[in-house]
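Pasting a structure here, questions to come.
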Amino acid sequence: MCAKKNSSIKQFQKLLGIKKKKKPAHKIGLPPGSLIYTGDKKQEIVTITLISYDNQSLHEEKVAFEQLEQHPMLLRNVVWVDIVGLHDVKILENVGKFFGIHKLTLEDIVSTDQRPKLEVFEDYLFATLKMIQCPSPESPIDEEQVSFILKKNILFTFQEKKGDVFQFVRERLADPKRPIRQRGADYLLYALLDAVIDNYFIVLENVGERIEDLESQAMINPGNEVLNSLYAQRREIMDLRRSIYPLREVVGSFTKYAEHQISDEVKPFIRDLYENTIQVVETMEIFRDMASGVLDLYMNIISNRMNNVMKVLTIISTIFIPLSFVAGVYGMNFDNMPELHLKYGYFYVLGGMGISVVGMLIFFRFKKWL
Amino acid sequence: MCAKKNSSIKQFQKLLGIKKKKKPAHKIGLPPGSLIYTGDKKQEIVTITLISYDNQSLHEEKVAFEQLEQHPMLLRNVVWVDIVGLHDVKILENVGKFFGIHKLTLEDIVSTDQRPKLEVFEDYLFATLKMIQCPSPESPIDEEQVSFILKKNILFTFQEKKGDVFQFVRERLADPKRPIRQRGADYLLYALLDAVIDNYFIVLENVGERIEDLESQAMINPGNEVLNSLYAQRREIMDLRRSIYPLREVVGSFTKYAEHQISDEVKPFIRDLYENTIQVVETMEIFRDMASGVLDLYMNIISNRMNNVMKVLTIISTIFIPLSFVAGVYGMNFDNMPELHLKYGYFYVLGGMGISVVGMLIFFRFKKWL
Amino acid sequence: MCAKKNSSIKQFQKLLGIKKKKKPAHKIGLPPGSLIYTGDKKQEIVTITLISYDNQSLHEEKVAFEQLEQHPMLLRNVVWVDIVGLHDVKILENVGKFFGIHKLTLEDIVSTDQRPKLEVFEDYLFATLKMIQCPSPESPIDEEQVSFILKKNILFTFQEKKGDVFQFVRERLADPKRPIRQRGADYLLYALLDAVIDNYFIVLENVGERIEDLESQAMINPGNEVLNSLYAQRREIMDLRRSIYPLREVVGSFTKYAEHQISDEVKPFIRDLYENTIQVVETMEIFRDMASGVLDLYMNIISNRMNNVMKVLTIISTIFIPLSFVAGVYGMNFDNMPELHLKYGYFYVLGGMGISVVGMLIFFRFKKWL
Amino acid sequence: MCAKKNSSIKQFQKLLGIKKKKKPAHKIGLPPGSLIYTGDKKQEIVTITLISYDNQSLHEEKVAFEQLEQHPMLLRNVVWVDIVGLHDVKILENVGKFFGIHKLTLEDIVSTDQRPKLEVFEDYLFATLKMIQCPSPESPIDEEQVSFILKKNILFTFQEKKGDVFQFVRERLADPKRPIRQRGADYLLYALLDAVIDNYFIVLENVGERIEDLESQAMINPGNEVLNSLYAQRREIMDLRRSIYPLREVVGSFTKYAEHQISDEVKPFIRDLYENTIQVVETMEIFRDMASGVLDLYMNIISNRMNNVMKVLTIISTIFIPLSFVAGVYGMNFDNMPELHLKYGYFYVLGGMGISVVGMLIFFRFKKWL
Amino acid sequence: MCAKKNSSIKQFQKLLGIKKKKKPAHKIGLPPGSLIYTGDKKQEIVTITLISYDNQSLHEEKVAFEQLEQHPMLLRNVVWVDIVGLHDVKILENVGKFFGIHKLTLEDIVSTDQRPKLEVFEDYLFATLKMIQCPSPESPIDEEQVSFILKKNILFTFQEKKGDVFQFVRERLADPKRPIRQRGADYLLYALLDAVIDNYFIVLENVGERIEDLESQAMINPGNEVLNSLYAQRREIMDLRRSIYPLREVVGSFTKYAEHQISDEVKPFIRDLYENTIQVVETMEIFRDMASGVLDLYMNIISNRMNNVMKVLTIISTIFIPLSFVAGVYGMNFDNMPELHLKYGYFYVLGGMGISVVGMLIFFRFKKWL
């Protein structure tokens, strides 16, 4: 149905900065639970950071998986195991085997186009969502899948690459007087989710600023550039929607299904988180409306301008075309044209032309074209 | 993705009166319950007004927080504690400690971009919503977050700044014969909520008038000014929607969840309030439709005008371009052009031109272009 | 945000027949149950008509309120008390006191912008809705709030002004052989509601005719007049929607909640009424679609016309502008222009021009512009 | 609000083939259960056809109502009473009396604008829907209301006029080996409903073909004719929707509510019927989308054409207007114009003009206008 | 209503590659359970492939139906009977009789326009859906109906024609160490469904690429070709929707209704499948939005271009029409035109014209038209 993409289009796409999305390597025909990382390999080495703490002490170290299995901390305290890098599926398989994680869960962790979801298993809780960052209106949106497994006193986080939004949580952990040090792994999960969702607000604020800038640009200098930016913006919001929309369901399910894994003490915080999520979703919907609104505005401004251009053309034509005709008449070379020989014929004609111009201008003013 | 906002855009935004919204200082990474006021500091001093009454007497005084704690009125009668100014979080922390308010509730009170909501705790009821005022169609919409805590005989209200919509309630309180003096703090809460929602009606009526004015302006004098006003109006309605939409849920939850805090006697009034809320929401939806309708109308009028402009251009061109051609022909300098030497050649040509003009006019009339 | 409405706009609105809606006097800060009539005072005197009947006899008289209280009929038979005129709240207060009607119900009766609703109290049933009349497609829509209170054998109706849609019910009442004379006040309520809803059908049929007329006008003579009528029509439908939409809920609630007040015998009739209501709502939605459809059609016709106008302009210009250029060339006054001195130069040029015209016409026909 | 429909509009409507819809004679003020046929009288005589059968024999005869009452077949076998013609309400009243049919059911049968519905009474089942036929894409849609009453072994069908979609069912009845002869009146009801709904598929296929033809026409020859056909088509779909949409509910209710009237054996067939109904509704929605899509396409083609027309105009004007100006300059009659006396002045000018034309053409090609 | 399709339209449709859809031969009036294959006969011979396996051995052979009935494998192991070709209804009837399949199920298998569905019978499970393939963005979408019957240890698949998406499943079956060899027929059903749904992802990715190509083409070279491709694309998505939308319901019903047929072990896999289905549906909705977005973009680009074309026309006309007029004036042949005799008159006029051109250009630059 579609002709072959010729190279000029590809060049054009490069110019416009249209990056071909990575084709998610859908694992056709593979058995379920196949651990194949579908993202790009974003870093060389998988790092495992282990932070264990109680209200007395905090211990942090980078470990290899072999160390993890026999780590003395695992049985005591709260333990946060932060695994960064998902391309080495061996490590994940080992984690899965050692900690009793279902194969399908592991598959979801490495499928970077996994829809955000929460799943409650008999002895652990699994949540996966997108962590997005966009520190300023000028920076591109950086998306990364992050998954959480909460099993008793241990919380696993799985990230695609270095860098996350958890810096402030780490700082709070460092301070022994903070409530986070008094509480369990469920509260740590809440705190991390809260950090993720707080970042959605920042991203959306920056998206909002971009839309407002595009609106101003549309008013000052409407043209294909603004139009393309507007469509790019709209698609960006569509992409965001895909990450954000399921969040409502994910966070909403916590209070419903996670009876055993979340303590009563932490539940009010989850409710608060849910409210924030609702607000994120609503804000995004408003921005979607705003983006469409700016597109409409753009089209209306273009229409207005065209209208004005047409008016100018019409006024000029309507004034001068008849005058040119009159001049043409007296430029004819007939032998017998009595007016040509009148002493003031030329001036009469000029006068008549002047009067006609004035009449036209009055008419245009009356029609509100001037 | 977006180029840096250059200064000309900012200047332009200033001209258009586009105020940069305050960036809600999302408290990234902060622990939950962090009391950080996210609004502008709108007044210097926090004022606490205490009104206590029963059917016999009414007592009103401005107090400092220290006085509040030991105030003899707190245990007797109905007490309304009206706290205006939220930037001094110390005072809120003290109120929270003394009256047993959850940290997350306090956080919601100072987060001025909090979504309207109702929360029922074991021993108190918390509601927060937006109080909007717009006394006339010409005045801007003034929005302020107001929160309510109902705890037995005490009702707290938390406002961002001086000025509210409760004047008439205060007047009714002043009159010992009014039913409000016979009833409890739950009725006072109802009366204040009713005052807030009654004001939504006024705001919406004024918004409706603005839309109707814009409609008239669009018909009389369509142009970029009206267009910009229309888009500003549409965005204003979007903002209003954000405040108004959750109200339905808030007031609707009262009858469902607030069994213990609201007496049976007051419940019919809450139902009435709920109906009013529904009506507010429906009215707003109608205005949203109306605003889109005016935008459509505007575009259609522009189209109509363009059509008329084009007709004028076409008529003028169609009449004179052929005539000019004829004049051009007889203005050529060929040696041998027999017509030029006819005695009445000039008059024949003028006559032919006149006939052609009349024919054109008849044709245009037939085509309904004239 | 909006500039002051200058007087020219107001004049314009008068011309267009835009009536300022009555500002609903929202009773800000008033206690609930305040009896303030929010409509216009539409007649001088409040009339109370009492019709009492059983299958033997029928008695009708106009009474004053004082007579009503002690009227012997009230305890026997079916009694219909029809109160017309709501501005004299004294009478309503007395009715309320004597018959035990809740203050909030009385407030709803006099609030003429009350949303249609049904409320079931312990010993009475309250329903309020809009009675609309539009006897022909040319007549304006006449809307009036009508409220019903059914209390055992007594049915109250409260109307804003003289004139209603109950004439046929009165005629059926006059005939002792009709089933209505055999049945109770609940059947009377049904009969009156049925009459109200039957009138919606007539109104909608007339609205439908207006839309079809506008469609024809749009096809014959599209212009600002039709456009304005279309928008007026659309707004009229919006207003109707507001009255009609809640009806579904009102009539639907009857069978659910009015167990005690409606006898089993009458319930099938209420179900039938509900079906009619659904059909009214669906018809209205279809008309809403139709009205948008006509607006679209209008715009498409305008576009088509513009297209045709442009074609004429382009054809004329494309034929004559090049010819004029050629004539201009041979009108130049260069000393050395050999063609001018050819014996048949003029005729060669005329011939060339003729050929070019024929070529153009063939080209336009090929392009389907002719 | 609307001016009186002047006669020119009516003439126009006649030309366009806009048939005034029959005004449904809404029976204002009439008591419920009034048997007034709201359709057109489509045939003179009411015919009653009685088909009774078991797996042994089949008996068919046209009867008068009086014969029907005492017919020996009524108590044995399966009996199908097919009544065609609804204007003679006497007959219906008698049927109602003799077979114990509720007055409201009879009213629904004769109200030809009745919304499709299923009603389950204690001892009978009532269903009414629209039977539509459109044998080919060129034929108009023929709609007729058909009602069913299933009472034990008897099935009544009520049609407005001669002609139906039941021919194939009659043929199956004629063959004693067919399962339909082994089963009860409930299976007959299913078979007839299935025939009705099968015909919806044919109608929709023809509607689909019409839309595709209109699409082709819009691409070949866009103009007011296609536009009008498209709007007519859209309205036709709207009308169809009104008949089809409630079907889902009607057939869906069967399995839920008709426990007593439908045997277990027949239930799987009803489920199959329900699926077909869903598919009809979905197909209709797709055609609605397609019709809007063709309208959009039409508008876009018009826009494209206009764009091309404008390009031609602009190219011609942009090439020749400057050249004409130059010719005009050298046609001026100043005494002192040195270029005129150059030996090759004329040829220089012609050459310059040629170069400018070539330059323009290159520019237009660069701009992709050629 | 519609004129007869004349042959020019048909020719045109052929040119555009519009293939008339096969008219589903709706089996009007036929009894339910009529086995009439509604698709095209896509291959000559019906092939029956039997694959039976346990964790020890795997046996595959092509059999005739007669062999199938007495096949020793049927009672042992897991058996997959893959029947390709549906036009020979005899074979299906025999399968139905021998394995106890309901006639309505057989009818659904051969009705190739059957809506995807899942039906749970007492002793078997029936599922039917569309298997779609589109290996590259350039290839057309190939759709085929595939039905599944799961009866204890036997799984039937019914395909319309050769070729399917099950290759990888067959490969996994060939390897005795794979889990699929350890599990039952329910797991095989899951594996096949998973393969079908995995292919939807590939199809949608290719559709997405087509849309992005069309977007690029719309930006580079907007015209009727792109427009037609866009509409074809939109219709393709509509068709896909019809196949995909019901999938959600089908896969969702598995966990709810298929208690007896699906073992607990396989249920988590079905849940995973359900998630995939949701993601397919969401992706499709996004592509639908994207396709509309590209259509909008196209129209906006056209508008922009038209605007630019108009500007060029207006600039040229506005500059040269007045100048031509002036030249025309001095080309008049009046006896008394004093300027003509000025020594530098010609040069003054040329200078004045130059100044006016510069002024115009400045004006246009100020208006941002240049």
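For clarity, chains are labelled A, B, C, D and E in written order, and residue numbers in each chain start from 1.
What we mean here is this: a contact is a pair of C-beta atoms (placed from the backbone, for glycine too) under 8 Å apart; a residue touches a chain by one contact, two chains touch by 3 or more.
By chain, with names taken from UniProt: A, B, C, D, E = Magnesium transport protein CorA.
Note that the coordinates shown come from a computational prediction; the quantities given were computed from them, not determined experimentally.
Trainee: In terms of residue numbering, is the interface formed by chain A and chain E classified as same (over half shared) or different (under half shared)?
Mentor: different
Trainee: Between chain C and chain D, what is the gap in Å from one C-alpha centre to the other?
Mentor: 27
Trainee: Let me have the rounded angstrom distance from the C-alpha centre of chain B over to the C-alpha centre of chain E, please.
Mentor: From the centre of chain B to the centre of chain E is 43 Å.
Trainee: Can you list every residue of chain A that touches 2 or more other chains, as numbers and ranges?
Mentor: Answer for chain A, listing residues that touch two or more other chains: 303, 306, 310, 313, 317, 321, 324, 328, 331-333, 337.
Trainee: Using the definition of touching given at the top, classify the network of chains in this structure as line, ring, star, complete or other.
Mentor: ring
Trainee: Starting from chain C and heading to chain D first, what is the chain order around the ring?
Mentor: Result for the ring walk from chain C toward chain D: C, D, E, A, B.
Trainee: Please output the residues of chain B touching chain C within their complex, sorted ascending.
Mentor: Touch list, chain B to chain C: 137-138, 140, 165-169, 171-172, 178-180, 190-191, 194-195, 198-199, 201-202, 205, 210, 212-214, 216-217, 219-220, 229, 232-233, 236, 268-269, 272, 275, 278-279, 282, 286, 289-290, 293, 296-297, 300-301, 303-304, 306-307, 310-311, 313-314, 317-318, 321-322, 324-325, 328-329, 331-337, 368-369.
Trainee: Touching chain E in the complex: which residues of chain A?
Mentor: Residue list for chain A touching chain E: 1-5, 8-9, 12-13, 16, 18, 23-24, 26-32, 102, 104, 107, 113, 115, 117, 221, 223-224, 227-228, 231, 234-235, 238, 242, 295, 298-299, 302-303, 305-306, 309-310, 312-313, 316-317, 320-321, 323-324, 327-328, 330-333, 337, 339-346, 349-350.
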